[in-house]
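Here it is: the structure, laid out below.
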Amino acid sequence: MLFKVEMKVNIPPEMPAEKVDIIKSKEKAYSQELQRQGKWRHLWRVAGSYANVSIFDVQDNAELQDLISGLPLFPYMEINVAPLCRHPSSIHSDDR
Amino acid sequence: MLFKVEMKVNIPPEMPAEKVDIIKSKEKAYSQELQRQGKWRHLWRVAGSYANVSIFDVQDNAELQDLISGLPLFPYMEINVAPLCRHPSSIHSDDR
Amino acid sequence: MLFKVEMKVNIPPEMPAEKVDIIKSKEKAYSQELQRQGKWRHLWRVAGSYANVSIFDVQDNAELQDLISGLPLFPYMEINVAPLCRHPSSIHSDDR
Amino acid sequence: MLFKVEMKVNIPPEMPAEKVDIIKSKEKAYSQELQRQGKWRHLWRVAGSYANVSIFDVQDNAELQDLISGLPLFPYMEINVAPLCRHPSSIHSDDR
Amino acid sequence: MLFKVEMKVNIPPEMPAEKVDIIKSKEKAYSQELQRQGKWRHLWRVAGSYANVSIFDVQDNAELQDLISGLPLFPYMEINVAPLCRHPSSIHSDDR
Amino acid sequence: MLFKVEMKVNIPPEMPAEKVDIIKSKEKAYSQELQRQGKWRHLWRVAGSYANVSIFDVQDNAELQDLISGLPLFPYMEINVAPLCRHPSSIHSDDR
Amino acid sequence: MLFKVEMKVNIPPEMPAEKVDIIKSKEKAYSQELQRQGKWRHLWRVAGSYANVSIFDVQDNAELQDLISGLPLFPYMEINVAPLCRHPSSIHSDDR
Amino acid sequence: MLFKVEMKVNIPPEMPAEKVDIIKSKEKAYSQELQRQGKWRHLWRVAGSYANVSIFDVQDNAELQDLISGLPLFPYMEINVAPLCRHPSSIHSDDR
Amino acid sequence: MLFKVEMKVNIPPEMPAEKVDIIKSKEKAYSQELQRQGKWRHLWRVAGSYANVSIFDVQDNAELQDLISGLPLFPYMEINVAPLCRHPSSIHSDDR
Amino acid sequence: MLFKVEMKVNIPPEMPAEKVDIIKSKEKAYSQELQRQGKWRHLWRVAGSYANVSIFDVQDNAELQDLISGLPLFPYMEINVAPLCRHPSSIHSDDR
């Protein structure tokens, strides 16, 4: 089951640079692990911003919550979620 | 080059049903032709709405404008566009 | 899987009263059938408005889309959807 | 008398972790006590967020204010309230 | 139990003047009857607008819905409702 | 001359508790003095919030500014003002 | 007593040109009469729009309501009002 | 050439009182000097707020930028600007 | 003197196609005449929309109002205007 | 390929003045280097603000992201991006 997830990062300017680096490298590892598992199907940067557009592929709403609330950057992001489903005009077999 | 395009359809309630049907079937054909050409890479319905989330893959902004302004439903949609690019944490080779 | 669905009805003032009555009675029958099936778990009026707050219980996003897009009043409503899941502090067994 | 209450938690990033833990465990105890009393009828997490959707069942507006302003997280939440009442199409006996 | 109710009137410009007059005189009679019953406790015009600020005094949310949805101008108004209760600093005995 | 004034309190979470208490007790005294003078005619809590709806009765805009800018909580509030006047349908003699 | 009044004109595109002309010439006469009486102290066009910024000088809120609701274009305008008073730094004797 | 300028002051609550006083007295002097030069033609307080509505009379956009960016409170204000011009219905010779 | 002008076209769907064509060809001629005169310095389509971003170069606010209110599509557009001036970091001689 | 980029600077008031100066002079150098390369085609100040309107000329979305995320003020700006393309009515050869 797919969800579009948009994340905008707002790291407080007063956070020490080392702490920022640690959180960001954890975020990268976490994100790549979910991508390898097939849960985080697409991940794009929005050009001109510190934001991304993602497509998650999860069992249900509860798994979406688990994955997103586990993001190391979760406390520092505005997150918007939209449930997706197959569009009747889609011809792509994986646009479930 | 990728763009996220969100389209929300607002067909005027007074439009005759036959006219609606004609526009919708033209829209479907147009959309599927662009999907076959690889220009309209993903197309998802937003669950609970008459709206979609799409990913377009175009040469440049001008081609994006050509494709979107040619949509049969173009005069009846609110459309939002965001330019995308590769995210440094993506491991998917086609998340260009 | 639960979704909160908020619906606000905007019937065009020029729609003939008989047509309004037909749509509303179809809406009522449709809604009650889904309630009997356990798909539309809660349905409340928002006091002071022509709007409701509902809780849907569906298999997945696709079923949510089927049920909502089939509403007789669908073309005349603003609809907002939020995916829900169990809250770690809930003690109610059916707040899945 | 029912109210939909939506709560979005914004804990300041600089709050010490121990203080956060204390407030959260007080919040959980407070919430579960109100659930046991039947005042906090439903409590759902909004998937992909640090927010909830709740249904309160209170005597009147004054009791709603007492219960919500007593929440340990009250100073750190955006809260939206909507008064609910029975919907004429509801068939659920407890959707008062 | 008190509610602040704000109503903004948007009569469609194409409605015939006689129909407007009939609805407005029904609205006035309805409003004055509720004022005499003590249900519509205050009614003020917002200066520079076709809008009002009102205070309703009702048994519960259901009665609020009955009274507001019965307004002859109900289909032509944007309505916002806020539940009120006694403020701890109020010294006015009727600011319940 | 009447004004509806809505005040939403946003005390910074880092303000020391004693300072908060002092400001709040000054606010209460100030508010009750204005109520006794008949300048602050109504004061209601908005249920589920740290906000109020008030009706001020002043000589003119300048007096409104004096009274509001003198509120001890003034630097910590979002304030919205709407000028009111008699509604042609009001039957209450004091809804001036 | 001064008020800033902003008016944005939205004449329905289907209104016949003669009717538009009649309303506009009535509006002009009405506006100029109020200017001559000193009630409508300033009237500026917002460049690049069909909107104005005005300063009204009235006895009280009730007079403001009378003058604005009497505008021939009143049913076709979005109107925003802000009560003004003397600024402590003003040196202009007529910026009351 | 006239511009409407709206300024809303947001002084951070943690700024020391002496620093606030110094900035405010510089602001007052700066503002009164511009008023004396005829550049800051009108200055009104918005009643019930820490905000003003002003009319500037400048040579061009560049001068507007110079004057506004030079305001001692500039870093602490939300500022909105609208270019004005003569309204065809104005009879005031100085409503250029 | 430069202004950024953003125009979004909303032609009513019920306008006959011939009338649309006439207005659009007038708009094109008008726009190109202003471009030839150097008044309409830049004109870009916003990709994926029926909107443009323009840079006007005018004597003053009054000329801006004349040029914009004379647009054949003026009654059918949402228009936003921002006054521009030279940026201290610009090295382009014509970014006045 | 052109993009309109709007940047609004929000430097935290508590940042030390020397740090502000260093960031600003880096920003100026960076901006002027991009202007010399022809990547940052236009740069205007929005009069009455600490904001600019810019036109970037880049190879693709990825280059736009590189250039913008490299801005020394990037962490302190709200940035909005709109993809542009040639307008069918433009007569300027460089309004690509």
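Lettered A, B, C, D, E, F, G, H, I and J in written order, each chain numbered from 1.
The criterion applied here is as follows: a contact is a pair of C-beta atoms (placed from the backbone, for glycine too) under 8 Å apart; a residue touches a chain by one contact, two chains touch by 3 or more.
Quick caveat, the model's predicted, so the values are computed rather than measured.
**Q** Which pair in A-J, B-J or G-H has the same interface as E-F, with over half of the contact pairs matching by residue number?
**A** Residue-number overlap above half with E-F among A-J, B-J or G-H: G-H.
**Q** Looking at A-B and B-J, which one has the bigger number of contacting C-beta pairs?
**A** When the contacts at A-B and B-J are counted, A-B has more.
**Q** How many angstrom lie between the centres of subunit D and subunit F, each centre taken as the mean Cα position?
**A** The computed centroid separation for subunit D versus subunit F comes out at 27 Å.
**Q** Taking each chain's centre as the mean of its CA atoms, how far is subunit F from subunit J in angstrom?
**A** The computed centroid separation for subunit F versus subunit J comes out at 44 Å.
**Q** Quick check: how many Å separate the C-alpha centres of subunit I and subunit J?
**A** 22
**Q** Subunit B to subunit F: how many Å between their CA centres?
**A** Result: the chain centres lie 50 Å from each other.
**Q** Among the residues of subunit C, pick out those that touch two or more other chains and give their numbers.
**A** As it turns out, subunit C has residues touching two or more other chains at 2-3, 45, 47-48, 61-62, 64-65, 81, 83-86.
**Q** Under the definition above, what is the set of subunit J residues touching subunit A in their complex?
**A** 3, 5, 12, 15, 61-62, 64-65, 68-69, 74-76, 79, 81
**Q** Could you list, by residue number, the parts of subunit B that touch subunit C in their complex?
**A** Those residues of subunit B that touch subunit C are 11, 13-14, 45, 47-50.
**Q** Can you list the residues on subunit B that touch subunit J in the complex?
**A** On the subunit B side, the touching residues are 1-3, 60-62, 64-65, 81, 83-86.
**Q** Give every residue of subunit C touching subunit D within the complex, in rising order.
**A** Checking each residue of subunit C against subunit D gives 2, 4, 27-28, 31-32, 35-36, 41-48, 52-53, 55, 82-92, 95.
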